[in-house]
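Worksheet: the structure to be examined is printed underneath.
Per-chain numbering from 1; labels A, B, C, D and E assigned in written order.
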Amino acid sequence: KTEKAQEGVHIGENPPVIMATTTSTENSGLLDDLLSKFKEDTGIEVKVIAVGTGQALKLGENGEADVLLVHAKASEEEFVKAGHGLQRFDVMYNDFVLIGPKDDPLKIKERAGQDIVRAVTIIAVKKGKFISRGDDSGTHQAELKYWEMAGIAPQGNWYISAGKGMGETILIANEMLGYTLSDRATYLSMRDKIDLQIVVEGDSKLYNQYGIIAVNPDKNDRINHEGAQQLIRWILSEKGQKLIGAFGKDSYGQSLFIPNAE
Amino acid sequence: MEIVISNLVKNYGQHRVLEIEELKIARGSFCGIMGPNGAGKSTLVKILGGLDGVTSGKIYYDGKESSGDVYQNMTVVFQKPYLLRDTVFYNIAYPLMLRKVAKKEIETRVRQLAEEMAMEDLLYRKAWTLSGGEAQKVALARALVFKPALLLLDEPTANIDPASMVVMESMIKQANAKEGTTILLVTHHIHQAKRLCGDIVFMDKGKVEEFGEMREVIFSPRNIKTKWFMEGEIII
Amino acid sequence: MEIVISNLVKNYGQHRVLEIEELKIARGSFCGIMGPNGAGKSTLVKILGGLDGVTSGKIYYDGKESSGDVYQNMTVVFQKPYLLRDTVFYNIAYPLMLRKVAKKEIETRVRQLAEEMAMEDLLYRKAWTLSGGEAQKVALARALVFKPALLLLDEPTANIDPASMVVMESMIKQANAKEGTTILLVTHHIHQAKRLCGDIVFMDKGKVEEFGEMREVIFSPRNIKTKWFMEGEIII
Amino acid sequence: MREILEGCKQAIILLLSFDQEVYSIIFLSLYVSLMATFFATLLAIPVGILLGIKDFQWKNIVIRFVYTLMSLPPVIAGLVVFLLISRKGPFGFLGLVYTPTAMIIAQTCLVIPIITGIVYNGTKEKGKTVQILAKTLGADSRHTLLLLMKELRIDILTGIVTGYGRAVSEVGAVMIVGGNIKGHTRVMTTTITMLQSMGNYEMAIALGMVLLGISFTVNTILYYYQRGE
Amino acid sequence: MREILEGCKQAIILLLSFDQEVYSIIFLSLYVSLMATFFATLLAIPVGILLGIKDFQWKNIVIRFVYTLMSLPPVIAGLVVFLLISRKGPFGFLGLVYTPTAMIIAQTCLVIPIITGIVYNGTKEKGKTVQILAKTLGADSRHTLLLLMKELRIDILTGIVTGYGRAVSEVGAVMIVGGNIKGHTRVMTTTITMLQSMGNYEMAIALGMVLLGISFTVNTILYYYQRGE
């Protein structure tokens, strides 16, 4: 402990925690709100590195980050199973929405209703433009799951693999007047700047679960395990959960994330 | 080409380097320009060649003010020759190429000139490998090859060996005698001036101190400065 | 400084420009180097100054092969002078600054030299605004100011007016007579050679054709090439 | 550390695999950057030379402007081009967005000031001398320009190489206007960025090595051309 | 189109708002890029000059290598530095990752070849002449180097300005090693990229304008310094 204090940078202060998360989480503004309150409560600063899900997991695997907040449940569980992380906790969820042009040329809204699998089937059959994240992110993994459920291997000129973050993918869809799968938070934060509307929402398959994982402290001696644990406890606490639920009500009139820690 | 200079002034910043009220150089004449270092000889040549602007004053070529046509018909050989980054042949052929002379004829004329100037063996050398004197020869050849109406020469033989000097002087003289080229020659070499020039302009500190027939300016100058200068020259 | 050249060969690519079996220049002598353009004079000077490598052969300075010490004690004035992008004063003072001479003394010595060479008014001019002859004067002053043991001069007065030439020649002569500086002077000017040199090396096509006492080489050369060259010179 | 070494190994495997996708990415990178450099050169050489030899009012400001644009962030170049050619933009009707053409346009904008600046620098030094010489030998303005281009060829070459290097290594502009769309607008740098964001460091480094290998080849060829002098 | 004009307006509002966050981003940008340029210069000037005047075996290869690295993609520079200083990497014990120091290191690596290349180019042309002159006047190697630096000051300046321009406008390297952490490692280009990805074009362009405005100021100062000649 004294050794750490002697490093000089954070004397008399708690060392900062490095959190790796996805760009969609950061872009929504939730973390700014949440983590400044966490700092008030504990004096611990959280440094947020917003990267792709793949890189976030890699940063955890290599012990570069102390804690991960991501939304790719399958990969996360694998991550814990491989011993890279200690335990995975559900934090909150939001949901994915299928968005598309305002005039909905494929009439998906009428024809598919809430059914996301039916919606993607229609897109594939009609060869409507679909923009895929294509970057192995949580959203991309979810999208691939829907194609699989529909028994379709998406391929061809209509299926556009962008290899980009959420915001940019929405921008491409907006520009090409195509359909894409987005998390609700990112869509809402960009709603005013684009001509896209929600065409499918509310399907239970569209739930997007976020999990938080402390990185295995055995990886190296620079990992701030204590801070990570404190952060996890705080976020899962009643206070943290309430703050999550309240976020976005003022700007969007609805919660962007629904807390669901056990 | 006849040149008339009227009320020419040239300043570099605060520094006045030329101030010539009037000077008239007759068509077809061979006029030497002499004077101490820093007198403004090179500056005058540059201005006459249209390569530097004047602060005030006018210059008339055959009665007309300077224009593109006039510059097409004259050339300058600088004190420090600048050769194009190519072969010697290309350097000499370049003015002819500009004038759309046929390839065959260019070949002939360049070769002939090189022979007359005893520099055939240099023709396919790269220009930047030449010695100081060789470079001066090439620069002169490049100026002579297209037979301009006015030739402005700034110390063209300063680094030339005596044997080559004889050749070069005879080439310059020929251009004046045969083609009627008007020639202005800046030189520090009084014997050269005596051999070549019909008239002499003597300059000092930017001003024309004396202008007249060669024998008069050199042997019986009216101006005391000119006298001192020429006496020094003769001793040397 | 005594110089001994032994079996010197210099090629540029295929082109052999120097081939000197033996040449010995005595300490304190004043030796002229003459010869037609492209003879290899400048190349020889550059090699002696350690500014270009040899293809083969050896050079001994006071019996030793070239080393840093030797180069500290000699200097070269080039055919095309290169001045530092600063004032004339800085250019002349620079070798003294290198030798850690006190500021006061530098000031005095530079001013004195400038006066002797009649160029006080140039001292605070920027080097790149000088005329051709002025630049040559500065380059010579810069070489003389620190009194080196060996002075290699490559056509140092080619663009100099006659009055200044008298001054410069006397400065060079003085360095040889008073300080015992060994001097090699490349020149195309036979009268200058006559006035200054004790010995003459006559070169042609990279070879030393004749080497001996000045009067002998100029007036009664053994070699026919030398004879032709010198006769041309004398006429000019 | 391991990733770096592994990346080098992967680079070789990648090239030897003759994977069609990899080769089409490499090819598109070269195509886009070479075209952009080509178009930029057409404009930048005459402009750079004229800036170097002509005097005019506001010249100082124009030059400082060019120098400033030499450090234009690619993201901004990309964004501005994007806004102009996007569906709602003034040139939206051309349907250029997310095409290789758009990438060429954006990189051209980025490269023009770089080549212009370097050519101007070279011209400033000896351009006046060459121009004067051309005049004394009777060249008209067209021939003067040609002669200047010939005499300044080393500077022009440096400008082109630097401009190409900038184009081929930048990612901000092509990412925005091209969109990194698989099989259409995916080039080496956007792929590297994507791989990096996916945590696939080895492949990112491998592609980076390939990119540098290509630059090295280009430089070697130019080097032998230059040595002919 | 509207966004571009709006961006210009926002740029002014932004600057006049005296928003502390904006100013700290601007300040960090300048600090990181200036420090990187400074350290790179310390190494690049002597190396560039030595490459220009010395002959040695493998020189050609070294030079082509430097030229190649001039077009090193920032992402690759960032990634390699990241892997070296990451906790797991060989220099992990220094705890540099996601700090401004890391950003300075990455940009330094990026800028070194650029300044070296430009200085080398200038030296190649007249360096030999100056070196020879220095030798004939009795300068030792230290003084020769100083004289070369003095005579080549315009080329050196060009190199520094170009290097700084490259550093301040790149995003790939600082993004990876800095992480764009709010209040810590957020610089202008990473902010611009983030804003752009969120579709906030006006603010992205506004920040871009500020960046260019700063470059213009730097160029103007250097211009007046240079004109003193």
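Keep this in mind: contacts are C-beta pairs under 8 Å (C-beta built on N, C-alpha and C of every residue); 3 or more make two chains touch, one makes a residue touch a chain.
This is a predicted model, so every value here is computed, not measured.
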{"item": "Shared chain contacts [chain A and chain C, defined touch]", "value": "E"}
{"item": "Least hop count linking chain B to chain D through chains in contact", "value": "1"}
{"item": "Reference chain E; chain at largest CA-centroid distance", "value": "B"}
{"item": "Rounded Å distance, chain C centre to chain E centre (Cα mean)", "value": "46"}
{"item": "Rounded Å distance between chain C and chain D, as computed from the means of their C-alpha atoms", "value": "50"}
{"item": "Mean-CA-position distance for chain B and chain A (Å)", "value": "81"}
{"item": "Two or more partner chains touched - positions in chain D", "value": "196, 201"}
{"item": "Residues of chain B whose C-beta touches two or more other chains", "value": "none"}
{"item": "Interface hub residues of chain A, defined as touching at least two other chains", "value": "165, 168"}
{"item": "Pairs of chains, among all present, that meet the touch criterion", "value": "A-D, A-E, B-C, B-D, C-E, D-E"}
{"item": "Residues of chain E that touch chain A when the two form their complex", "value": "86-88, 92, 95, 97-98, 179-182, 184, 194, 197-201"}
{"item": "Chain E-facing residues of chain D, complex", "value": "1, 3-4, 60, 63-65, 67-76, 79-80, 83-84, 89-90, 121, 158, 161-162, 164-166, 168-172, 176, 188-189, 192-193, 196, 201, 204-205, 208, 211-212, 215-216, 219-220, 223"}
{"item": "Residue ranges of chain B touching chain C (in the complex, touch as defined)", "value": "12, 35-39, 42, 79-80, 129-134, 137, 155, 158-166, 188, 190-191, 228-229, 232-233, 235-236"}
{"item": "In the complex with chain C, residue positions of chain E that touch it", "value": "129-130, 132-133, 135-140, 143, 147, 150-151, 229"}
{"item": "Touching residues (chain side chain A, partner chain D) in the complex", "value": "51-52, 54-59, 61, 134-136, 160-165, 168, 172, 175-177"}
